[in-house]
Amino acid sequence: MAQLSYRDAVAAAIAQEMRRDKNVLFLGEDVAAAGGVFKATVGLLDEFGPLRVRDTPISEQAILGAAMGAAMTGLKPIAEIMFSDFFAVCWDIVVNEIAKARYMSNGQHECPLVIRSANGGGARFGAQHSQSIENWAMAVPGIKVVAPSNAADVKGLLAASIQDPDPVLFFEQKSMYGLKCDVPEGDYIIPLGQANIAREGSDVTIVALAAMVPKALKAAEVLQEKHGLSCEVIDPRCLVPLDTKSILESVSKTGRLVTVEENPRLCGWGAEIASIVGEECFWNLDAPITRITTPHIPLASVDVLEDLMIPSVDRIVSVVSEMD
Amino acid sequence: MNVLMPQLGETVSEGTIAVWHIKVGDTVAKDDPLLDVETDKAAIEVPAPKAGVISAINVAEGETVDVGVVLVVIDVEGEESAAADSETASPAAAPAQAAAPVAAPTPAATPMSSPTSAAATGSVAKSGAMLSPAVRKLVSQHNLDVSSIAGTGKKGRVTRQDVLAIIDGSTAAPAAAPAQAAVTGRSTPVPVPAPIGADARSLIPFDRIRKLTADHMVMSKATSPHVLQAVEVDYTAVDAVRKSYGPGWKADKGYSLTYLPFIAKAIVLGLREFPKINSSIVEEALQLHPLINLGIAVDLNFEGLVVPVVRDCASKSVGQIAEGIKALSIKARSKSLSPDDFAGGTYTISNSGPFGTLMTAPVINQPQVAIMSTDGIRKRPVVIESESGDSIAIRPVGILAQSFDHRAFDGAYSAAFMNRVRNILEQQDWASEL
Amino acid sequence: MTKSKDKTSSAGKYPLNETKQLELYQLMAECRALQQRAHDLFMQNLVKGTTHLGLGQEAIAAGFGAAMRKDDYTFNTYRGHNHNYVRGVSMTAILGELMGRDIGQLRGKGGSMHITDTTKGAMGSYAIIGAHMPIAAGAAWSAQYRGTEQAAVCFFGDGTTNIGAFHEALNFAAIWKLPVVYVCENNQYMEYTAIGDVTAVPNPAADRAASYGLTSILVDGNDAELMYETAMAALDTARSGGGPTLIEAVTYRHYGHSRADPGKYRPDEEVAEWKNNRDPLPLYRNKLLEAGMPESKLAAIDANTEEMIDKATEEAKSSGPPPDEIAFTDVWADGGAAWRN
């Protein structure tokens, strides 16, 4: 085990896979020479050289299109979209091409690529550089969606994503790049589609993703200490494929579900989980399902407003302690 | 006053008007039949709870309405309208094994309780309170009366935990029961002196079960001239079989083989030979019952009594009777006794044995004509007669005492029956009866 | 149209022998038959949805078809039956796909606009304008990285030259010197609008080449042998590390944009001129005959073509629709469609 930051875990996973497979390439804006604007890919150019680690122009469509063309013809590219907000600029390639190529070609096309991107707010970057768009990705059939909540999961899940034969959107949380934790050394893979029970409990199931996971865990401590409530915190890690079983089992046990989502309210990923639980676990519910989300407004830039909007530990504690 | 649609079963939520016996404008006396109500489980006659004039009939024949709906309004002299009917209540289903020497209410055609009435005594969540899907599922699965479960959630909500606690037996709830016919007899209030040196906490209001039981006991004593007769039984033969088959039985079934199923079987065999004791008085006739359905009185943690019935004991072996008794006690413990479990009793056994009492004079469980109390079995010195002379031996001995209704038969008949039961207990080849 | 700076650099450098000429003619004839039959089947309501025909534009597909190697990659638009045919996708498979049959190239899952055969390097037909241009660059990048001599050829229309992906792709391909040939089939109409009305420069592709440091190439798209030579030159450039080429080939489509479009926005005389006097198939036929090609050889090709298309039509017609279950296949590499456990 080594203490590694979230950002260093990104580089570590990419390096691990680039060493393993010479067909893994990496391209993006300022990713090579500068090591990425978030310094998440430092050292890769040095180790793997300019043929495998490439800086691109500001051309999101070209970046993703090229990644797709390369993936279709024998390579395993990793592309970076600097801010997940910019997916809107090249969403066509993701949704209309990458997500559908295999299906429309009746299984002929291969698309083993990873698009990693810095997602989420908390960095005071303003509405166009702070969005959490994992729910956009979840809504499109044909792409896998991964959103790790800690450095160890970054390493294991990014490695798994790179090895995965299907296209994966890998959402890193920019507010967590600096956070350190113990990360297993050497080859480390976490299979996609496995949730992590981050904390066991019996009174309520809290499903939280990415940056909301540490907040949910903190809230769970407070809830136990001050309110005597035993919270089970589940980190799905992947929205697609979704570990529905773990969530249903947990809610069957606790009878209560709360989701904590950084994305805006409407059609957030928690809405889908609430729907699944409401349909498949209805008779075990002892209280209405509750979603804690950023409200349905663009995120303000100023810190006091941004912190108010994005779900906080206090808000989680308050909502859960007042549940039926 | 309003007469509401009664609840005819724990999980029954509606009833159908079968036939009206009165019309608007009729004058009715107390207990006059008003209408017949039906569900798929039961049919009952709803009598007038008070005398008065029928001022409104709200539901037509053939209509189905929810429990608690006002069916008919009676103009009672001196009374304002719309008081909820609280005269009747239903006994509870309960957990415990130990019996107390009481009888249970009769399944006769008497008014039902309406749990939605505001007069529900004691604890509990009213129906119409927020019942979550989890609570509904558990309540349905275990046939519980949720209106009798105390809610510890917000605003008194019954939570899943509350229901689970009942099911696990960790909470002894004074739950409401399957719709049993309730009481028509009532006790006449007697002036009571103020308690001496007492404070408010020394006054314990009667809950539903207590009221029902009290009324039934008075009614039973008022109806049947009770005579007590007892025999002393040597349980050696039973004991021998209990000792040899007991461990195997316990290992196999998970519970012990007690004296009770043997006593029950002996009584059954006796009743076959003395059928007048397995009967009911109807008008001025004795209605013999073809089946012997034994009611086994079950105490509810000293809070009340129920008498679930093991049916058709004549066709059952000791083992089967034991199983039947065990099944009922499990159901009682999980509050899942249903109206069917209480229906059709023809003779009742009240078992004080575990408490080691000497003898008990039980109150007859109407409309039966006799009830047997089984009391403590202890080792006593007894005189054994033989051809070579008398000797003293130590034997397990206990008293069986029957209270019987002297209207139905006389002391000699009862005594002969008691003698027969004693002989069966002492001489039967019990090993082959298992 | 204006002359280009580099129009004739490939002329004469890639002579065609008789075999190659007959191959070229055959490809065009068969493409013509395929597209005509598709038109007819559409009029009989046997072709589902819509379809986009390349009647009149065969010389471009055929020219490249005859020039490319088996392991090259092609990317084309939804008007791409010909481009897939020349890579080796059968008539039966194409007609079957148009008619929504199980024997269709994609078993009905893709439809007319998405004909693909990766075993033949036909890397897809694309319906979002311009999207395939950066994808083609990616395939070229892959070849470059792996050190093979493969090239990628990307066919698109005049309308594509105004979309963002066109510009991103060309810049991208140019800076990385990717072995990709971009071929603009300028049939002079962007769907229902004359391309000149919506483009800032007269030659929508050729006049943009300089913006990406590329040579401006403007050719007659209906001259089969010229298309072949142009293709060969561009492919050689690609294979030898010379980077991308942008070609504008001027042509004309005989029918409307799609089958639903009767094409009434084009002047009748213009349509007549192109159909009667500038049709690439009779043009090449006559050119070959004038150069001494025996008529019988061409007739044999024609007769064979008729047989082929009829046989393919019957084969495709005799296949039923695909089974329901395939709707849930091939979302993922494991062949399935599951998003949860």
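Think of it as A, B and C in the order they're written, each chain with its own count starting at 1.
One rule holds for everything that comes next: a residue touches a chain if its C-beta (ideal position, glycine included) is under 8 Å from a C-beta of that chain, and two chains touch if they have at least 3 such contacts.
Note that the structure is predicted; figures quoted are calculated from it, not measured.
Student: Counting C-beta pairs in contact, which comes out ahead: A-C or A-B?
Tutor: Answer to which pair has more contacts is A-C.
Student: Averaging each chain's C-alpha atoms to get its centre, pick out the one most distant from chain C.
Tutor: Farthest by centroid: B.
Student: Measure off the straight-line distance from the CA centroid of chain B to the CA centroid of chain C, and report it in whole Å.
Tutor: Whole-Å distance between the two chain centres: 90.
Student: Would you mind pulling out the distance in Å between where the CA atoms of chain A average out and where those of chain B do?
Tutor: So the centre of chain A lies 62 Å away from the centre of chain B.
Student: Let me have the rounded angstrom distance from the C-alpha centre of chain A over to the C-alpha centre of chain C, please.
Tutor: 40
Student: Hey, which residues of chain A end up touching chain C in the complex?
Tutor: Answer in residue numbers: 25, 51-52, 54, 56-57, 59, 61-75, 77, 92-93, 96-97, 101-110, 112, 141-142, 165-166, 193, 240-245, 276.
Student: Which chain C residues qualify as touching chain A in the complex?
Tutor: Interface residues on chain C, with respect to chain A: 73, 105-107, 109-111, 114, 116-119, 123-124, 126, 128, 131-143, 145-146, 152, 164-165, 168-169, 171-172, 175-176, 326, 329-335, 337-341.
Student: Can you list the residues on chain B that touch chain A in the complex?
Tutor: On the chain B side, the touching residues are 130, 132-137, 153-154, 157, 159-161.
Student: For the complex, give me every residue of chain A touching chain B.
Tutor: 255, 282-287, 324
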